[in-house]
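The structure is given below, and queries will be raised subsequently.
A, B and C are the chain letters, set down in written order, and residue numbers restart from 1 in every chain.
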Amino acid sequence: MSALALKLHVKRTWLYIVGILLLLFLNLPILVIVPMSFSDATFLQFPPQSWSLRWYEAFFGSQEWLASAWISLQAAIWTVVVAVPLGTLAAYAIDRTENVIGKAVRGLLMSPSIVPIVIVAIGIYFLLAQFRLNNTLVGLVLAHTVLAMPFVIIAITAGLANFDVTIERAARSLGAGPVRTFLTITVPNLRGSIATASLLAFLTSMDEVVVALFISSGPQSTLPRRMYASMRDQVDPTIAAISTMLIAVVLILVTVMSVLGSRNKKSTTEN
Amino acid sequence: MSATATFETAIPAARSSALSPRGMTVEVKGLAKSFSKLTVLDHVDLSIGSGEFVTLLGPSGSGKTTLLMALAGFTDPDAGHISLGHRDVTHVPPERRNIGMVFQSYALFPHMTVADNVAYPLRARRVGRAEIEKRVKDALDRVQMGAYADRRPDKLSGGQRQRIALARALVFEPGLLLMDEPLSALDKSLREQMQIEIRALQQRLGITTVSVTHDQREALTMADRIAILHNGRIAQYGTSRDVFERPVNGFVASFMGDAVLVPVQQAGNGLTAGGAVLVNAPMVSGGTNFLVVRADSATLATDPIAGATNLPGTIVTSSYQGSETLHSVALETGQEVFIRERNQGSEPSVRAHQRVFVSIDVSQTLVVPE
Amino acid sequence: MTLITLGAGEREAPVKKRNFTWTLSLPAVVLLAVVCVVPLVVLFALSFVEGGQPTLAHYTRILTSPAYLTILQTTFALSVGVMVLAVLLGYPLCYFIVNLPEKWRPLALALVSLPLWTSILVRTFAWQILLQRRGVINSVLMDLGVIQQPLQLAFTIWGAMLGMLHIVLPLFVLPVYVAMTQINRRLLQAALSLGASNTRVFWTVFAPLTVPGVAAGMLIVFIYALGFYITPEILGGGKVITVSMKVAENATMYSEWGAASSLGAVLLIVAGLAIGLSSKIGKLLSSGGRK
């Protein structure tokens, strides 16, 4: 390291300290949950004095917890199945339409991310109430799809930004109509973005709690819904176990995605 | 290196007689296109015969790429008609025009192997699997890429990708081949080799071809006829000879090869330019006219050469270029012209600031309107 | 018609004349319109209805009733407070990351993004653990002898704000980081070469250029904070009531659609005003120095 660079690093010590402290601030709270989930005590105790897996057993042994996890999983999968194709088509349409219509469509599809979630939630609650779709999986999926849409649009739009339009033209010149071109050329080359969009849609649905508060309850509760109820009443360490598992799932998914992503980059062509 | 041999020998003699010209004719009438107040094509007419190789040549912004895209169907013209093979295709989408296209970036599908790339148009036409295999193999052999069938495009060099793009565009035997600056991404020696190879292949297949380029050398080498575009219009449309030796105006003359235009004036019964009397200059009609001074068609002389047009001037610089020397000469008009001389002997023939004459032989005297 | 020479590399028309590609977005558009827009429009209409009669009663109640005013105040104060804290803490963090050697930056950004990927419930729960009477913070502080009695952190507005800050910080850092990376290094080098000290360069060249990015980040945080529901409810323990909480209460407990939607409308109006104000200010400030 050159003398100038070293001098710069020394001067910056205070900045480094502040930065690292802030990064710790962002991440430590979440990590604190992990040891708590292995605590044997029924009340909060830090650091845990005795260790056990009882809270994990509590989760896996409870019909209600498992049922809510299953509902959340189903909702998340269906959300991906609905949101990703619809969102991909829409993002493509927005990208290839450079006029007022394109901008309006984009604004509409991005609106759930700007409007305060409670407002979206009461709207959905109101709508589903009219059709008696509250407390149903269908209602959940509809709601989560709407909430996931902005993320799908962002992910696909990012992929389209790096997309070489000429290969679509090449396909057309070779005799493929617009539909065949889209399915055989465009979509395969958006694989990475579609995977990211799917992950985002999945997580959005799995983690979604506010709308679930309105439209899912009792036996139809989603996992976050049940967690919320438990958190309000008393601090139930089972939540620590569930949270730890959720954190682990996110870490695994994100790591897998980034590994796949960097492998993809190495083998993609720059035309 | 016998480049023609590479393609020719790949095709057995028996087949060559079976291939007859099957190119579509191309008729363009009154084609116009503007992009938000910029006129890119200004009522262009163009007529191309079956099996002809036509190059659209011009500087950036001349409209040549737009014209090509209109022929392909990727740009909707504002006015005019396009007919391919006597069929009006003005509003027909690209996939139904029976054209093959090679893009500047080759546009090979990155998620498919070379073989799948070449098979793509056949699959789109629902050709049978066995037939596809055979035709893909033939197409790849034709461009000497048979061994690369299972490679991915990102593992190929620029020249190799170019051949694959060509094979893919020709495998389904289209009536018209369109090429958008296909050689611009290649280095010089490869470019010259490919010029000859593509030309040979095109002649063998007899397919009508329209190619866009800004490189006049490439145009002169490959084309049967050249259409020079300038500001959205065709300035001249003719054979290489026509365009080079008989340019219709100043733009064409200076575009087709290192030329400087010296204004011509009336002087008594004759014409002068740059302080020299024009010898045997062709009569020209009204408007401003110019004498075309080309680097390769004028010579330097210390004394005026009898029977030639001799423009007085002073040497500014001379730069040694190996087998030639490029001199820049300041004329009396203040213009600077470039003259290329072959180097004979080890001594430079002229020195800086020397007074010389730029001498143009009668046979090379060329006067053009503006 | 004007004949103009285009730059090197002519562009062709991006779109054919009759382009129907936009129709591909219709399924998504219909879904959103039906599930999101239509109900909200209906609810908005209902905000002007009470007991079957058209009225502005809901709105006047919001603006006059002390209970509602407190809620509005609380929400606004929380949002502004969280926003200010986000800037104070987030800006140094961004600056830190920007000045990290290239190879450490992805890790730092990942550490900022990781909380974002984690469920908001998990994050809120984390603060619940931390802030409780016998929670982590109190335990550590007591073990260290800093305090004798556990602090009342949970169920206060400060606890809520702390949790909200934690959630909102990444939302500020990411866009501001991007804005910082887009500042042209050459400008900073030029200033240094002209004799300005590092500090001077920072305050007179770098910081002003980051203003648009920071403003955008602040807007994002503010609007997000306006809509906070879960975190203040759980961490505030009933002492903190935000607009979102009241809207939910009106809708679910009392089925008071008019009251709920009028509050919601007020929230949207405040958010809209914030956006409008921000873009007006943005237009007034010049944004030079971009790459």
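Quick note on the criterion: a contact is a pair of C-beta atoms (placed from the backbone, for glycine too) under 8 Å apart; a residue touches a chain by one contact, two chains touch by 3 or more.
In this text the structure is predicted, and so the values were computed from the model without any measurement.
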Inset, instruction - Could you see whether A-B or A-C has the larger number of C-beta contact pairs? - result: A-C
Legend entry - Distance-to-centre winner among chains (Cα means, whole assembly as reference): A
Inset, instruction - List the centre-to-centre spacing of subunit B and subunit C in whole Å, with centres computed as mean CA coordinates. - result: 57
Inset, instruction - With chain centres taken as the means of their Cα atoms, state the distance from subunit A to subunit B in Å. - result: 54
Legend entry - Separation of mean Cα positions, subunit C and subunit A [Å, integer]: 18
Inset, instruction - Quick one: which residues in subunit A touch 2 or more of the other chains? - result: none
Legend entry - Residue list for subunit B, restricted to those that touch at least two other chains: 74
Legend entry - subunit C residues touching subunit A - in the complex, by the definition given at the top: 14-15, 19, 21-25, 27-29, 31-40, 42-43, 89, 92-93, 95-97, 99-100, 108, 111-112, 114-115, 117-130, 132, 134-136, 139-140, 166, 169-170, 198, 223, 226-227, 229-230, 233-234, 243-244, 247-248, 251-252, 257, 260-261, 264, 267-268, 271
Inset, instruction - Give every residue of subunit A touching subunit B within the complex, in rising order. - result: 164, 166-167, 169-178, 180, 184-185, 188-189, 191, 267-271
Legend entry - Complex interface listing, subunit B residues touching subunit A: 72-74, 93-96, 99-101, 103, 105-111, 120-121, 124-125, 152-154, 168-169, 172, 178
Legend entry - Sites on subunit A touched by subunit C in the complex: 11-12, 15-16, 18-20, 22-23, 25-27, 29-30, 32-33, 36, 43-47, 86-87, 89-90, 92-94, 96-98, 101-102, 105, 108-109, 111-112, 114-127, 142-143, 145-146, 149, 203, 206-207, 209-210, 213-214, 224, 227-228, 231-232, 235, 239-240, 243, 246-247, 250-251, 254
